[in-house]
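Structure in structure tokens, see below.
Per-chain residue numbering starts at 1, and chain names A, B and C are given in the order in which the chains are listed.
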Amino acid sequence: MTYSILLLISAALVNNIVLTKFLGICSFLGVSRKLETAIGMSFSVAAVIMISSVISWIVYYAVLIPFDIMYLQTIVFVFVIAAVVQLLEMFLEKYVPELYSSLGIFLPLITTNCIILGVAIINIKDGYNFINMVVFSFGTSLGYAIAIIIFSGLREYIDQSVISKNFRGIPIAFITAGILSLAFMGFSGMVKL
Amino acid sequence: MKDFMNSKYYMVISVTVISLVVGVILSFVNAETKDRIIEMYRLDFVKGLDQVLPKYANDPYAEFITVDNRSVYEAKTADNKTIAYALQVISNKGYNGLITYLVGISSAGKVEGVFIVQHTETPGLGAKITQEKFLTAFNGIADPVELNIKKDGGVIDQISGATYSSRSTSQAVAEALYFIKANFKLTSSSELNSVNSGDL
Amino acid sequence: MKIKTFTNGVFKDNAVFRQFLGLCPTLAVTSAAINGLALGLATTAVLLGSNIIISLLASYIPKSVRIPSYILVIASLVTVVDLLMNAYVHDLHKVLGLFIPLIVVNCIVLGRAEVFASKNNVIDSTLDALGSGIGFTLALLLLSSVRELFGEGSIFGVRIMPEAYNPFSLFVYPAGAFITLGLLIGMVNMILNIAKKSRS
């Protein structure tokens, strides 16, 4: 139990997926212009991470290991993710159209968001059991949300300030992310797993 | 032909064909590389053993013994005399995540060598525990107290700015030393000296 | 055969500096020059394979299953590269770890397949892949060299800075990756703007 709680904190803050493991940078820069879209993206990513992690974990232990075809891991996981995204899109469109109209635009982008595949692979590589796998996936989604929401707040300010033409946009966003990452370094050493 | 290419059947057929071809190629590549990959992982471990054990004549990797649920790798001379033991120690006392050590202890109860199998310490700070200068400082020490960093009353120079990582290493080496002392009959260095002088 | 197809990928449409694609591995593996170079070459290999195969297959793959088929091709190429690297350059494979399978979701690879290879012939697609791949590799090499130079005082493990230089560890921290890349992109913009001004 303690381990699971520590794992959650570690995944969300100490080893923040975006700021220390560099997964999901493309979407981190792409959709962090506005706070609203950042929140929408966080929810979509969280949903897809949770569902696809659980499915890929089960597929790995129930299919890949018994048949000794672990080398197909990458291919299988990519397809699980693509299928989850597709199904989620269809499900939302049909049953929760309001949510679909606000999240819909993010869903196709998520297939190529490396966080999802990254988390699925880390779950296997670090040998988490089912509960810890769920905890880790949730912590990671939380960490992504925290990072992207803080960052979008910062970017809204940056966009209004005067910056050298050469550094406007992406370059200054990177430098800001670097400073944010330094701030998150303060969390390291806080949790011992 | 054009109609066929737009039909549902063609869609299914094309994906199936691609999947089959891909499957065949991958299973072939896997079969070709499988043994080599296993061998590479073994070599990795043996490389670590070579670092922490004196020259041995046996195959410690294959002949490991299990004591108290831990694998101990023994280095033996050609006449089958054990000269050193190696075991893995996993520590959670580092700054970030687990650190896996391989520690060699000589049959005289001295540290033979320390090797870091895996760690995720901060690059540029804690990651410096892998430096030879830091690790070789442990060699030859028999007194667990001396294994501590200077701040804790030992003789080891810690990596500056990385107290946790350094301390974790000290404790891991001490743990290995205690474990070997508790489970194996060692010739303590004083006995060794007396035997030597007796021979003379 | 258009040489422009090649040079555009390297400079004008450089994936990292001009299109901001493939940033995750760019930031993650560039703490040392050798890692940057290795991942750049691995990505180039996948890119080359996928562009060639897809340009050959494009006319036989139905539109509706286009993307899944491309992903299938790319994912299997990545698995092949992963297995081969694990078997033959094991130490590099250990360092790059997670980021080899993640080449699958590197936007550059799927991007070139969809935008270029599916609409052009094999030769052009090969050139395009080589251009984009080399451009990506150069970007990784530049970033990792700068980070290693200031963070460790060396490039490819060879000491460049004078002994008196005290490495500025920030550069090898995760934070340093963001800041260095931000500064480099800014500088590239600056150089381009100056060049544009002097031309007009």
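What to note about this one:
One rule holds for everything that comes next: a residue touches a chain if its C-beta (ideal position, glycine included) is under 8 Å from a C-beta of that chain, and two chains touch if they have at least 3 such contacts.
Just so it is clear, the structure is predicted and the values come from calculations on it, not from any experiment.
For the pairs B-C and A-B, the count of C-beta pairs in contact is higher at B-C. Taking the CA centroid of subunit A as reference, the farthest chain centroid is that of B. Centre-to-centre separation between subunit A and subunit C, using Cα means, comes to 22 Å. As a whole-number value, the distance joining the C-alpha centres of subunit A and subunit B reads 32 Å.
Contact with two or more other chains is made by residues 68, 72, 76, 79, 83, 170, 173 of subunit C.
Chain contacts: subunit B has residues 22, 26, 30, 122 touching two or more partner chains.
Counting partner chains per residue, subunit A shows two or more touched chains at residues 71-72, 75, 185. Per the touch definition, subunit A reaches subunit C in the complex via residues 19-26, 29, 71-75, 78-79, 82, 111-114, 116-118, 121-122, 125, 164-167, 170-175, 177-179, 181-182, 185. Subunit B makes touch with subunit C in their complex at residues 5-6, 10-11, 14-15, 18-19, 22, 25-26, 29-30, 33, 36-37, 40, 43-44, 122-125. On the side of subunit B, the complex with subunit A involves touching residues 22, 26, 30, 92-93, 95-98, 122, 164.
Interface residues of subunit A facing subunit B in the complex, by the touch rule stated above, are 14-15, 71-72, 75, 185, 188-189, 192-193. Residues 20-21, 23-25, 27-28, 68, 71-72, 75-76, 78-79, 82-83, 97-98, 101-102, 104-107, 110, 170, 173-179, 181-183, 185-187, 189-190, 193 of subunit C are the ones that touch subunit A when the two sit in their complex.
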